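There are structures below to look over.
Look for chain A in each of the two complexes below; its partner is chain B in the first and chain C in the second.
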Partner chain A sequence: MSPLRAYGPILLLGAALASMPFFAASNTLLNAMVLALVIALAAQGWNILGGYGGQFSFGHAAFFGMGAYGTALLQTRFGVNAYAAFAAAVALGSAAGLAIGYLSFRSGLRGSYFALVTLAFAEVFRILANAWPFTGGAAGVLIKLDVRAETFQFASRAVYFWIALGLVVAVMLINRSVERSRFGAWLVAIRENEDAAKALGVDTFSVKLKAITLSAAITAISGAFYAQYFLFLDANIAFGPWISVEALLAPIIGGLGTVFGPVIGALGLHFVAEITRAVAGRVPGIDLALYGTLLVVMVAFARDGIIGLLTKARARLFGSRA
Partner chain B sequence: MFAPDIILAAVLNGLMTGAVYALTAVGLTLVYGVLHIINFAHGAILTAAMFAAFFAWKIGIDPYVAVFALAPIFFALGYALQRFVIGPSSHGEDRNILLVTLGLSIVIENLLLAAFRSDTRSIDVPYGFSVIDLGFTFLSVPRVVAFAASCAAAAILWLILAKTDTGKAIRAVAKEKLGASLVGIDVAHVYAVTFGLGAACLAVAACLLLPTFYVHPRVGNAYVLVAFTIVVLGGMGSVPGALLGGLFIGVVESLSGLFLGESLGQIGIFLIFILVLLVRPTGLFGARA
Partner chain C sequence: MSADAILSVEHASKRFGGLLAVDDASLVARRGRITGLIGPNGAGKTTLFAMISGFIVPTAGRIMFEGADVGGLPPHRRAVAGIARTFQIVQPFAGLSVRDNIAVGAHLRRSARAEALAKADEVAALVGLGDMLHRPASDLTVSGRKRLELARALATDPKLLLLDEVLAGLNPSEVRDVVPVIHAIRDAGVTIVMVEHVMQAVMSLCEDIYVLAQGRIIAAGAPREVTRDPKVVEAYLGHGAAARIAAREEAARG
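Moving on to the complex of A and B:
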């Protein structure tokens, strides 16, 4: 694949989405888009480890929360500059990924065991953040409202939208370059058959470790941005199971182990959720119930997600081999 | 420090709670032992069972009576869930089963939330606050009943597995799926029966919990991670391991609640969980990795 064909469509999609605030500038819509992009980022992170590497984490909230709490606490407790806090929070998230990855891959945890241990780590973090006075306990943390560019706070939602979009596009580009690298090929080899990959000389432990670190860093970016956008978080938001679920759901709906999958999945999910809310009214839990149903239906009927369906449809229409 | 009396009382109370934990864990470990998957919908099924028991009480049926109807009903539900939803939609791939059971748990939990909102409900039974005086401490009657009934349910389950033909078929499938199907065992049926037995255990646990606990659409979550811990500790797939693990975890929770305070009481459980997973993923009694 030439670089143009590899990276062109990503930039094109980014440019198309970036023009959106000029046509539809309602705050409600922009707000929904920012939230969908935050989820897309978390999902892109999950997709590196789960989609390409086949290691299903049920606890990506651990990394999202590290990013979110990191940003918020460094600013409120230590008066660190917002951008420096953002960077430090992402570093903290990737360190958490490295540590959890080291512990669990060292003990050879795979499949359900890995899913369980990630879930447990996220829960431990949630309980600790909920009880520890330093993290604000159950009351949570509030970042002081101070709308200035130096504090990473903006009056216009469109600016947040462009920043979030910029992050998503940048991660898509990283994602594509991973796909085209030797590291990406090793990762896919591990997903397809870990023992065979090992037999062929792939250092599976270090590849998985790199993958979880990168994965955690991206999800931490999502968390840090979330904190910066909403300026409030508590343990159930930052480390709650909802984000772990959305992070894994979006790639599965969109297309596992693809560049566009997590983004399409996240945007699609939020579109569907908004429609459900419009139809069913504000019934609590109804959107999540729908997500769960979609998860089962996708696993049952469309293992390759929306991307897979599109590829199949194109092959049928144009008779080309996809 | 605390007087030995208080510690002994905490241990006894822990054992009472632990018996119910053990019952929830037995269902989980049974499913793991036979299907080799972790049922992430376990907590949601428990919640559903607690709601069922709650509404049974609403129409005037005591949970201790309702259990005799709910256990078979949940057996049938569990059977149908595995036979018609989980089995067909996962195409026999472990990764898919993981996702399908996660999806089911999200659906069940949130439908309950949509239907009943996040109100916390509890029932008020005449024996709710009765106690047995042991001289140095009091034991609450519903918890003693829960302890005894959990032991009885575990014994019945053991009898089913050890003595009946279905039990033999289940053990055969757990050991060697292909061999079992070669000698004429219907593997899909055995899977579904196992899943049904797991759900029935949860129905029993729900009826035992209700008199002293509350119902809430997310109440199962509190139990499911505890159940995971017990299963991992006792060895995935080991029924005696789950029973001992359950009692042990009950005591650990009770003691760490006493020493660390209520809000951190659960931390002890999670730390054990992570430690066991990292150090000895086969658990204390499990043989299979």
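Moving on to the complex of A and C:
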């Protein structure tokens, strides 16, 4: 694949989305878009490890929460500059990924065992953050409102939208370059058949460690951005199961192990969720019921997600490109 | 260990619970040659290969490769050292194209994607998968999957190639296609150890043969000698078979 064909569509999609605030600038819509992009980022992180590497995590909230709490606490407790806090929080999230990866992959955890261990870590973090005074306990953390570019706070929602979009596009470009690298080839090989990968000289432990570290860093970016946007978080938001679920649902629905899958999945999910809310009103739990239904439908009829359906449709229209 | 031995297995044993799958087996693979490992089903051939490639840790014994004890190395480090294996039960990366499958092997000594893909194309052509490059591995026939196993291993540029029944399940004309490929690999300087049941191929390819039965090496030598060895005939055909055959030949002659 030529670089143009590899990276061109990503930049095109980015440019198209970037023009949105010029046509539809309602705060409600921008707010929904920012939230969808935050989910997209978390999902892009999950997709590195789960989609490409086949290591399904049920606990990416652990990394999202590290990013969110890191950013918030460094500013509120230590007066660190917002941008520096953001960077440090991402480093913290990836360190958490490295640590959890080291512990679980070293002991050879795979499949549902790995999934459960990640879930357990996220839950432990949630319970600790909820109890510990340093993290604000059950009351959570409020970042002081101080709307200035220096504090990473903006009056216009469009600015947040563009920043979130920029991050999502940057991660798509990173994903594409991973796909085109030796690391990416090894990661996918591990997903497809770990023993065969080992026989071909793949150091599966180190590749998985790198993958979870990168994966955690990206999801931590999502959490850090979330905190910076809403200026408030508590344990149930930052380390809650909701984000673990959304982070894995979006790639499954959009297309596992693809560049566009997590983004299309996240945007699609939120579009559907908004429509349901408009039609059905605010029925408690309706989102989860809807997500559950969508998941069952996708798993039963479209294992390769929306991207898989699109690829198939294109092959049918234009003849198989093999 | 003789000077031209690239691999020597020294008194290797492997116990699975109450079963001694490999029992004090020793063998030597000479550099640049094709060594055959034959024996009835369940003899321990695959287990022995798994010990050489690092997938199974021996209960006892040493694995020497190029003069160094590699017994403590994990599988990927042995691949780096130059030991490649195929799996008797094929292990394709089913969701990937034939080309991407082979490229994983090629990446071992090539970090650039373009170089790995070029190597994959070259190896695919060598094993006769040249026109399947863009097909998913799951589309391949039995013979295609065996070739893919061979291609991936070969793409790692091994010094020693362990082939576990790559001809099994192939029809005679497919066997005739693959045998020259194995010859070509050897001629390119790769030492080969092969487990094989297709005797015609074993006889035409192997210079040295070891016979494993119930975990023990019961015979070793040139193909002609080994197949005439009464112990070997009995291992394959059952107790007393050698005597019966000799008697029958006697009767036919007499």
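The rule is simple: the second predicted complex is superposed on the first by the 321 of 322 C-alpha atoms of A that agree within 3 Å, B and C clash if a C-alpha of one lies under 4 Å from a C-alpha of the other, contacts with A are read in each partner's own complex, and residues count from 1 in each chain.
We take it that contacts are C-beta pairs under 8 Å (C-beta built on N, C-alpha and C of every residue); 3 or more make two chains touch, one makes a residue touch a chain.
Bear in mind that the values here come from a model prediction, so they are computed numbers and not experimental data.
Model built by superposing both complexes on chain A: chain B and chain C fit together without a clash.
With both complexes superposed, B is the one of chain B and chain C in contact with more chain A residues. When the shared chain is aligned, chain C comes close enough to touch A:185, but chain B does not.
Vertex at chain A: the C-alpha centres of chain B and chain C lie 80° apart in angle, rounded to steps of 10. In the superposition on chain A, A:203 makes contact with chain C only, while chain B stays out of contact range. In the superposition on chain A, A:302 contacts neither chain B nor chain C.
After overlaying the two complexes on the shared chain, residue contacts for A:124 are found with chain B alone; chain C is out of touch.
When the shared chain is aligned, chain B comes close enough to touch A:288, but chain C does not.
In the superposed model, A:195 lies in contact with chain C only, and not with chain B.
Our summary of the superposed model lists a minimum C-alpha distance of 13 Å between chain B and chain C.
Shared contact residues of chain A with chain B and chain C: none. On the chain C side of its complex with chain A, the touching residues are 53, 55, 74-76, 79-80, 84-85, 87, 91-96, 100, 103-105, 107-108, 110-113, 116, 134-135, 152-153, 155-156.
Contact residues of chain A toward chain B in the complex are 54, 56, 58, 103-104, 106-109, 111-113, 115-117, 119-121, 123-124, 127-128, 130-131, 241, 245, 248, 252, 283-286, 288-289, 291-297, 299-301, 303. The part of chain B that touches chain A in the complex is made up of residues 37-38, 40, 85, 88-91, 94-96, 98-100, 102-114, 117-118, 217, 221, 225, 228-229, 232, 263-264, 266-267, 270-271, 273-274, 277-279, 281, 289. Contact residues of chain A toward chain C in the complex are 180-182, 185-186, 188-189, 191-193, 195-204, 322.
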